[in-house]
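Read from first to last, the chains carry the letters A, B, C and D; within each, the first residue is number 1.
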Amino acid sequence: MKKIINDPTTIVADALRGMALAHPGLLRITEDPAVVARADAPVRGKVAIVSGGGSGHEPLHGGFVGPGMLDAACPGAVFTSPTPDQVQAAVTQVDGGAGVLLVVKNYTGDVLNFETAAELVAADGIDVRTVVIDDDVAVRDSTWTAGRRGVGGTVLLEKIVGAAAESGADLDTCERLARAVVGNVRSMGIALTAPTVPHVGEPSFTLAEDEMEVGIGIHGEPGRSREPLADADAIVAALLDPILDDLPFAEKSRVLLFTNSMGGTPLLELYLAHGIAERMLAERGITVERRLVGPFITSLEMQGMSLTLLRLDDELTALWDAPVRTAALRWGA
Amino acid sequence: MGCDAGAVAAAIREAAAVITEHRDELVRLDQAIGDGDHGENLKRGFGFVVARLDESTPDTPAAVLKLVATTLISKVGGAAGPLYGTAFLRAATALGDGPELTPELISTALRAAVDGVVARGKAEVGDKTMVDALVPAAKAQGSTVGEVLRAAADAAEAGAESTVPLVARKGRASYLGERSAGHLDPGARSSALLLRSFADST
Amino acid sequence: MKKIINDPTTIVADALRGMALAHPGLLRITEDPAVVARADAPVRGKVAIVSGGGSGHEPLHGGFVGPGMLDAACPGAVFTSPTPDQVQAAVTQVDGGAGVLLVVKNYTGDVLNFETAAELVAADGIDVRTVVIDDDVAVRDSTWTAGRRGVGGTVLLEKIVGAAAESGADLDTCERLARAVVGNVRSMGIALTAPTVPHVGEPSFTLAEDEMEVGIGIHGEPGRSREPLADADAIVAALLDPILDDLPFAEKSRVLLFTNSMGGTPLLELYLAHGIAERMLAERGITVERRLVGPFITSLEMQGMSLTLLRLDDELTALWDAPVRTAALRWGA
Amino acid sequence: MGCDAGAVAAAIREAAAVITEHRDELVRLDQAIGDGDHGENLKRGFGFVVARLDESTPDTPAAVLKLVATTLISKVGGAAGPLYGTAFLRAATALGDGPELTPELISTALRAAVDGVVARGKAEVGDKTMVDALVPAAKAQGSTVGEVLRAAADAAEAGAESTVPLVARKGRASYLGERSAGHLDPGARSSALLLRSFADST
């Protein structure tokens, strides 16, 4: 296993220490329980947006903490959902009296732990709501499974709801907007290589030199199917088609296109794929009005990419454009 | 040997040792159809349980199980953390605050624990989860604590084995669809390991 | 070879097409010759800062084009310096009448091609200066080699000189500042894995599962020595020691610490390493006043990292803090 | 066969074919002690040269070489682009605008080309670069164009071979220090290939 680490069992705490040192004015980080919070939290009278999940997907979620996005993030162990007391601690730190929205990716572990946390927090008298995001169209037959996973759409949701909260929206509005994003966002990913979980020490699966895994999650869970490695045009089509089939993206739809690296895929390839995706969308008469390109929700060193499409309206577009100041996303502030 | 708080604490320590011993096996099972953390997460959680028992041993069996429950909930994460946490919490509540376990209490606690897991995770038998090991185990009866637990462990082991051919419909393995068949479910395996360890401790 | 590409020979042009689509308001990109320029160039009366080099190091340099940093970047083929006519085209596009500074990383190919370009441009009557950056302490005995390579320091130089130019500094001042950065910046890197150049199709070198290459460049050139894979503490020490030995960083020195991923190393590990580096610097009484953590000068999918230390004074610090708006670095604007 | 512009253009086309044929070998040599692009860069550059010759053949030998020079300079990049570009440019200048090559002109052009490479890259014989192949080649004499070029090719091949044991002191290979010894320099190899191809074309 090739990693720059000291000890697989302390890797998250060790990384949080470095993250705190790297962003002194922006973040306030506690280690036990592990919470990454805005340095200026709690912000009085503002709805607090709290998320979290397993580590290994950086910059998600800690890199999205800051004005205009998350108030706090709870990093679990690598690929392991955080625990309820982490979430409770985060909420306690950032609650500004206007209620708290929990953003939860749809995995059994995340849902159960956040559910328990929400009960604990509600018992403390805090108005807490939960929105579960499940944008991964790779999962079919959701009634026969744990349901679709939360993937790339999470980043967009956190940005948009974070902007609303920052501008003074109340908890009902934040919850409504979060559900609007969930209803209008779809994603799909592929992997060329597998990630290696530090405490496991070997790749999560094995792909031959000429294979790729289509419909991959962000935890090294195998995907929909294993296919022969294809060229970039075919890969982008394999990601876009199921997204477009799923949501009624119509001609003239306005969308945000998010082209994401799973970590190990270099920016050169990512821009290349992004260009293909924009061309294919244009051919179908879909208007790309906003875009995000980069490694924003990753799976350790896994090579691969995902595409996320969000149907925009004026409200969502304005919230996307609003200022944000976090470690990983920053504009207008 | 009686079945007081001390004995229960000893059984929990023994279970922690068994989990540690089987950590790699559970990691491998979870890697095949999940994300590979089940063994590490449980090992970490039970490590904290033992550390807390070292600080102070609670004075009733229920209090011991409550300590296990809150520790697992706050330290394990993932799907298994809240599910096992709920199981131990419900069992603790079912035990009441008597100083000793009886066969009847064990049966009741087992049922309560398993009902809790089902309520929480909403999985049914056949979904290829720990529920496949736990539901049969919850039917265990016997005239001694040891008998009940041995019956539960036997049933859990058979239930765990029964997950091999199944297609998962809950948890992370469900994303695999047909590809999940042919693998033992890690949570069912850890449930069987825990119950066998409890049986062996009496 | 596992890459998301269509054709190894068109990869740079294909990526530039995607980059142009991804950043419509910010960049203006031409393909033949390949030039990434500020959308609003030329800026009248402003010194233009132009850089470039082989592709495969993204976001360097194209990701640093925009207000407050570069006016144009010339991307060569993968790991191949750009050609003089590319540089000439870039200069012609962005020259605002106040002169042009060429920022060149010290590699034979880059130096020769920029030298030719500078002659061509000067012949067109443009006041052009060249600054060569050579911050890589891994190269020993510079008199017996092509000299030290330009690596991580390039990013810092481009930011600082870009800020000066944006604020109206004249060409002499920009050149002086560039030389000040060159004089005060040092870097060193390691690799855990090798990159694969698309047109080669196989890794540039092979490292055993328990080996790392210390003193690596950014082109898959092997480094100073091959060592057994060490833990993060030892890796960070192996990078910091030669940097600190080289520049008289004294107790109470104020520095900018730049912790860079070579591409394939995930952010989790990078933050972890950054924390160790800050701790080690603190132990030596060196004050880290500014930091940059992320994949900013990469070597395709290579796993590994580099550390760069820049000695700060008030002038450099203020220029570092000044607003910048590019695809990869953005703050205050 | 004469030595007019057409013949020179044909020789250049032949050289382009040789480079394409040896692309992988040059990539491998450059991968061992550099960054692996030498073969690809030259192949790309000579591909553009051939495309331009297809458009229109210049009418003097010097004009052909000037087209080669400007194309290599604008299309190759890396260290080899400006170095070979300079070589062809200096050779073109040395030839003047006569319609035919002579042995003396070839010798003069070779010397001018090599002086240009040395002036530009500042490498000396023994630094493990193309200069090790080119400097001996520049001494070539003969009573026919073919004789001069064959002598040059022989000298370049021997010079290229001489780079194997050397420790590089210029170019990317110099970063390797002692580890560069034991490898043939890719630029020296491509110089020898080009000169052998020119010799074979006469």
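Here is the rule we use: a contact is a pair of C-beta atoms (placed from the backbone, for glycine too) under 8 Å apart; a residue touches a chain by one contact, two chains touch by 3 or more.
Which protein is which chain? UniProt says A, C = Dihydroxyacetone kinase subunit DhaK; B, D = Dihydroxyacetone kinase subunit L.
This is a predicted model, so every value here is computed, not measured.
Common neighbours of chain A and chain B under the contact definition above are absent. Using CA-based centroids throughout, the chain positioned farthest away from chain A is D.
Distance from the chain C centre to the chain D centre is 32 Å, each centre being the mean of its Cα atoms. Inter-chain centre distance (chain A to chain D, centres taken as mean C-alpha positions): 54 Å. Chain B and chain D have Cα centroids separated by 74 Å.
Listed for chain B are no residues, as none touches two or more other chains. Counting partner chains per residue, chain C shows two or more touched chains at residues 78. Viewed as a contact network, the protein chains form an open path, each link joining two chains that touch.
Pairwise chain contacts in this structure: A-B, A-C, C-D. Here chain A touches chain C in the complex through residues 1-7, 11-12, 14-22, 55-56, 58-59, 63, 78, 192-193, 209, 212, 229, 231-233, 235, 259, 263-276, 278, 288, 291, 293, 295, 298, 300-301, 303, 305, 330-331, going by the rule given at the top. For chain B in complex with chain A, the touching residues are 27, 31, 34-37, 40-41, 44, 73-83, 85, 120-121, 168-172, 174-177, 179.
By the touch criterion stated above, chain A contacts chain B in their complex at residues 9, 33, 54, 76-85, 107-109, 112-113, 115-116, 138-141, 144-146, 149, 197, 199-200, 204-205, 217, 219-223.
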